[in-house]
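Chains: A, B, C and D, in written order; residue numbering restarts at 1 for each.
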Amino acid sequence: MKACGYYPGCSLAGGGVELDLSIREVSKAAGVDLREIEDWNCCGATAAHCLNHDLAVALPYRVLSLAEEQGLAEVLAPCAACFSRLKGTNLRLARSAELAGRVRAVVGRPYGGGVKIVNVNEFCGRLAAGGLKDKLSKPLGLKVAGYYGCLLSRGEGIVEGEDPENPSAMDAVIRAAGCEPVSWNFSTECCGGGFSMSKTEAVVELSAAVLADARAAGADLVVTGCPMCHSNLDMRQRSMGSEGRGMPVLYLSELLGLACGLKPEALGLNRHFTDAGPIASPLSVRGERRPSECGASRNTSTPGGR
Amino acid sequence: MSAHALTNRESLLAARIREETGVKVAECYQCGKCTAGCPMARWMDISPNQIMRNLQTGDEADENRLLSCQALWHCAGCLTCTQRCPKGLDPAAVMDVLREAARRRGTVPASARKVLAFHEAFLKTVEDFGRMNEWPLVARYKLATGDLFADVLLAPEMLLKGKLPIVPHAIRGREEVRRIFRESRKKEKR
Amino acid sequence: MTFEPRITAFVCNWCTYAGADLTGTSRLSYAPNIRIVKLPCTGRIDPLFVLKAFEGGADAVLISGCHPGDCHYASGNYHARRRWSLFRKLLAFTGIDENRVFFSWVSAAEGQKFANLVNKVTEQVRAAGPFGERNLARRRL
Amino acid sequence: MRRFPKYVNAGRALMARIGVFICHCGENIGRTVDCPAAAAEAAKLPGVVLSLDYKYMCSDPGQQMINKAIAEKLLTGAVVAACSPRMHERTFRSAAAQAGLNPYLLEMANVREHCSWVHSERAAATAKANDLIRVMVEKVRRNKALFPIRVPVEPTALVVGGGIAGIQAALDIAAGGGKVVLVERSPSIGGHMARLSETFPTLDCSQCILTPRMVEAASHPDIRLMTYSEVEAVEGFVGSFEVTVRRKARYVDPEKCTGCGDCFNKCPLKKIPSEFDAGLGSRRAIYVPFPQAVPNKPVIDAANCTMLTKGKCGLCAKVCARGAIDYKDQDRLEKVKAGAVVLAAGFELWDHSAYGEYGGGRLKDVIDGFAFERLASASGPTGGEIRRPSDGSEPKTVVFIQCCGSRDDKKGKGYCSKICCMYTAKHAMLYRHKVHDGRAVVFYMDVRAAGKGYEEFVRRAIEADGAEYVRGRVSRVYRRRDGKLVVKGADTLVGRPMTVEADLVVLADAMVPRRGAEKLAQLFGVGCDTDGFYSEAHPKLRPVETAAAGVFLAGACQAPKDIPDSVAQASAAAAKALGLFAKPELEREPVIARVNKNLCVHCRACINACPYGAAKDFEIKDRAGKLLRVVAEVNEGLCQGCGTCAAVCRSNSVDLDGFSDEQVCAQIAALE
């Protein structure tokens, strides 16, 4: 893989900026040229498919059409929601010619259906097995809970090659980063999704349960590929009880970047609400500390209410 | 609307669901697995399996109650129900159609106002800029709900961590995006 | 004189023949244009029987057997159906309008269906006219 | 293109002397069809020497008229134009036979059901009757004398499967005077019933009621047990099947073995999971599956025995005082003759590892119904105490999940497995009897308790024994770090999700056909439904027979069944087999296909098309035994006379007696 289309999506310009930074960094390290779709628009996210079906297809349609026009056969959509909307639109268009015709009229652009959408798990998996293979020089030695949430585990025809009840795409990447994927129960349980502002109590409760289970499974940190899950799990920790607090939540691409020895700041690690500092320095740098000790130090260095 | 109803009790709403999602609500045998796995069921006034049941009766009163319930607005779209439905139905997609219908008929309950306001603020922002931008979104949402102080404490830190771009980004193809909104809305008003 | 079509029917012994019996015992009436040739199973129908019927002056051929899955001989009607899809091409080749060959399933319990079927086929063939002038000339009636 | 002879068999046609007998059926035919005119018309047909009409042809005088004509006019064929042959063909054919005419030279023209009753216009109806009579005269001119096929019957039944259904069928057949060969795949008969703790709805001890039957079957002089054996090949047909049975190597000579048990007590390989105990207990490499096994003689598990895999050990041979151990034992093939077959292949439980949301088979404390039976059984691995497989502790909350894999189109089976509601109620009841302070929570969709005493039994589990029934399907089961199983269910009647923290979860897995059942069905020419259950000949009226003549079904291989249903069907199958044995010979209609071996080009179209496997390859050899060529041949015993082979034959070498190409073409030509 030498080049790949890139659709950052709105979150990655804002709340999910770490995902954008780390994706760009690891791609650079792997020698993959990310070509951002020019003048892309929002995919409509949850709001569009809650309120208007046509809109929920038409907005991603414009993005896909632009990508095709710009000659991008494959597009990475790191945000799980964007991935789901774009690939879902591809599927729906392929299934119904009637819909394809209608949406084409709404958007006023052609789209032949030839753009393949890749998610962050697949992308990181490919980098770990490809361009980064020789660069993963800093085994981190951590226990990692891979959190798939909803949109990277479920959705027929969208998430491919994955057991929806027991997904495993992240495992290879976690191992490539010199870490151990922990077996835990909440890897596909919902964090509350888009209710962060409108139904905050639900998000806090569900996200806390996810973090608590990761902690019980002995995880040092949680990794995810979804900016929405990330903001729920990371930013809402201060509203949680002790079971949820102080668990670093990283993007999968950040973990991969750290294992390549990339600078934590460049990957965006300093931008998380929950301090990821203690795990940012690889084991080799930290000396002979074992992961469990590093977990202990993490607890002390993360004050509950900053 | 399809002339041929699946059952003689199939309501117009159920027929619309069948056309838009392929889900035949009559096939639901009320096992309750959707409710059992739903992470948001605790915050719902009508459980997911009851939502399906209310679509089966073909009774107008049931349908009205359904379209004015808050459960529709508390669905996170996590697809757990769809993933595990032993009949291969897609309750999550049914929820989408019901939300659309509720909004069209103006039956969204007051308790779901915040959720709807958020979605609407989100889409308005996208319509204006072509993308979602945090500041305009939050501003619109707070104006709509009067919920001025919630999460205010998060903002400074987000700013500090570079998570709140100060200048909203507007794309060049804004006019194209607005056209998409205009055209899609035609169907909404239908 | 109006044209009265001649229809040759090949039916299986277990379903359609019995169904036609039921039409009789129920005293339902249908057009007298049909002549039934009984076979053990629709699987027995050689495509050439059909050609032979046209050669002999039939204006249409009706083939009817057990419903799929109900064949007395487990799968004979499936063979008949499969053969029929190939036979269409042969018909086209021989210049016989495929709309003159009717295929149906009538069970032993479907007396009314058999009567309706015969009436429908008769009407359609009557509307379509005789199969060929030559045949008309050879007609005994 | 094939050519049909237009004036076939002119010689025979010329010599034909055919009588036509037209019945008025009172007014039934005569009202619409002008019978005297039809008789006059028929008299003109070539080969017709006599044409009569009469008020009631089926009456005694009518039949005598036919008899007399046959005798006086030396008829070579007869056509009776009357009602449907389904009504009176048998009557008229026996009349003809009495008069010395081969009954298959008489045909009926259906001028009542197909003519007078369905048409009202006299001229048109008479014209049609003339046509129908003419068609039949043309057919009869070409009819051949046929003779019913007689097949000798071997009064032995082969019963495949030694579970309760097979045992019951064997006992009933033997009691009725037949002989039985009972073939069982595993080392002992008894089947799943031997594994059950107690049975619903009476809570009888399963082994207490079963083992006497097992012993009776083993000791009956007319029942031969072939355990540790499998059907390998089947030849022949109803009345005379020849079945090849593979007798798997036991490595223990049953003649010498006394069943003392010294060998398996000494075997050093102690940790092999016991199939009988659903993996909860263990067995040795030389073993009897359970203490009450019949025959109570051990076998060596060749895959695990180190003597057989590596040539090391040999301890069992050393301790066997009788010298019964034979490490060189090999599979043997044995042929068995049988007139009838009873398939009682049984069932197994669906593998719930497809249910990732219930742990995908990875959670030790999520078990299936059989495992619970073994836990509850006094002879089981825990001596009848309910224990968690993971840590041996007594579970204080047990969740039972019904319809696991049943009624699930997506991941499991669409059908209801019928018995789970009952055994789950029994499990909940047994658990509450054994663990008084324990909770038994049952998640169900519908309780299907249709059976004598069944509904009362379920109510007792709820009302007297305190089982908590919750209506809803479980979405997920996972194991928390502290070992608790978190069960996320729903109470759909209240309309809310419901979480139960359990110590043990029992899944009521769907009943599915045994592995290998489909292959067995193919051997016997029996069909399977889409789920692999054996297809009965008719779902309502022939629930015991199959499409293969002489092969009958018993038990859960046909559909999910409980014990009484299996036993009832087994007795019915036994009655069917005994019915076959009641006569020394079978008589069948002679409508069968024949291959002209001189014309056959061996394209195998008939062999592929035959639904009964009656068309087969036939090797033509010269006297020296050298293969000359291969052609097709039809086995008379298997052929049912559908004629599909005749229709697909490309070389016009297959024909069907009674419905030959020549006959049918003559009928068609007569319609000109």
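Basically, contacts are C-beta pairs under 8 Å (C-beta built on N, C-alpha and C of every residue); 3 or more make two chains touch, one makes a residue touch a chain.
Note that the structure is a prediction, hence the values are computed from the model and not measured.
Engineer: Ranked by contacting C-beta pairs, which pair of chains comes out on top?
Structural biologist: A-B
Engineer: In whole angstrom, what separates the CA-based centres of subunit A and subunit C?
Structural biologist: So the centre of subunit A lies 65 Å away from the centre of subunit C.
Engineer: How many angstrom between the C-alpha centroids of subunit C and subunit B?
Structural biologist: Distance between chain centres: 56 Å.
Engineer: From the mean C-alpha coordinate of subunit C to that of subunit D, what's the distance rounded to whole Å?
Structural biologist: Chain centres of subunit C and subunit D, defined by C-alpha means, are spaced 35 Å apart.
Engineer: When the C-alpha atoms of subunit B and subunit D are each averaged to a single point, how far apart are the two points in Å?
Structural biologist: 53
Engineer: Quick check on subunit D: which residues sit in contact with 2+ other chains?
Structural biologist: 357
Engineer: So which bits of subunit C are touching at least two other chains?
Structural biologist: Correct list: empty.
Engineer: Please list all residues of subunit A that touch 2 or more other chains.
Structural biologist: Within subunit A, residues 164-165 contact more than one other chain.
Engineer: Using the definition of touching given at the top, classify the network of chains in this structure as line, ring, star, complete or other.
Structural biologist: other
Engineer: What are all the chain pairs that meet the touch criterion?
Structural biologist: A-B, A-D, B-D, C-D
Engineer: Across the complex, what residues on subunit A touch subunit D?
Structural biologist: Residues of subunit A touching subunit D: 163-166, 185, 216-217.
Engineer: So in the complex, the part of subunit D that touches subunit C is made up of which residues?
Structural biologist: Against subunit C, subunit D makes touches at 1-2, 4, 84, 86, 110, 112-115, 117-121, 124-125, 127-128, 131-132, 135, 527, 547, 591, 609, 611-612, 640-644, 646-648, 656, 659, 661, 664-665, 667-669, 671-672.
Engineer: Which residues of subunit C touch subunit D in their complex?
Structural biologist: Those in contact with subunit D are residues 6, 8, 17-18, 20-21, 23-25, 27-30, 32, 35-37, 39-41, 43-49, 52-53, 56-58, 72-76, 79-80, 83, 115, 138, 140-141.
Engineer: Help me check something: in the complex, which residues belonging to subunit B touch subunit D?
Structural biologist: Checking each residue of subunit B against subunit D gives 29-38, 41-42, 46-47, 49-50, 80, 84-88.
Engineer: Considering only the defined contacts, which subunit D positions touch subunit B in the complex?
Structural biologist: Against subunit B, subunit D makes touches at 357, 403, 407-412, 445, 471-476, 488-492, 495-498.
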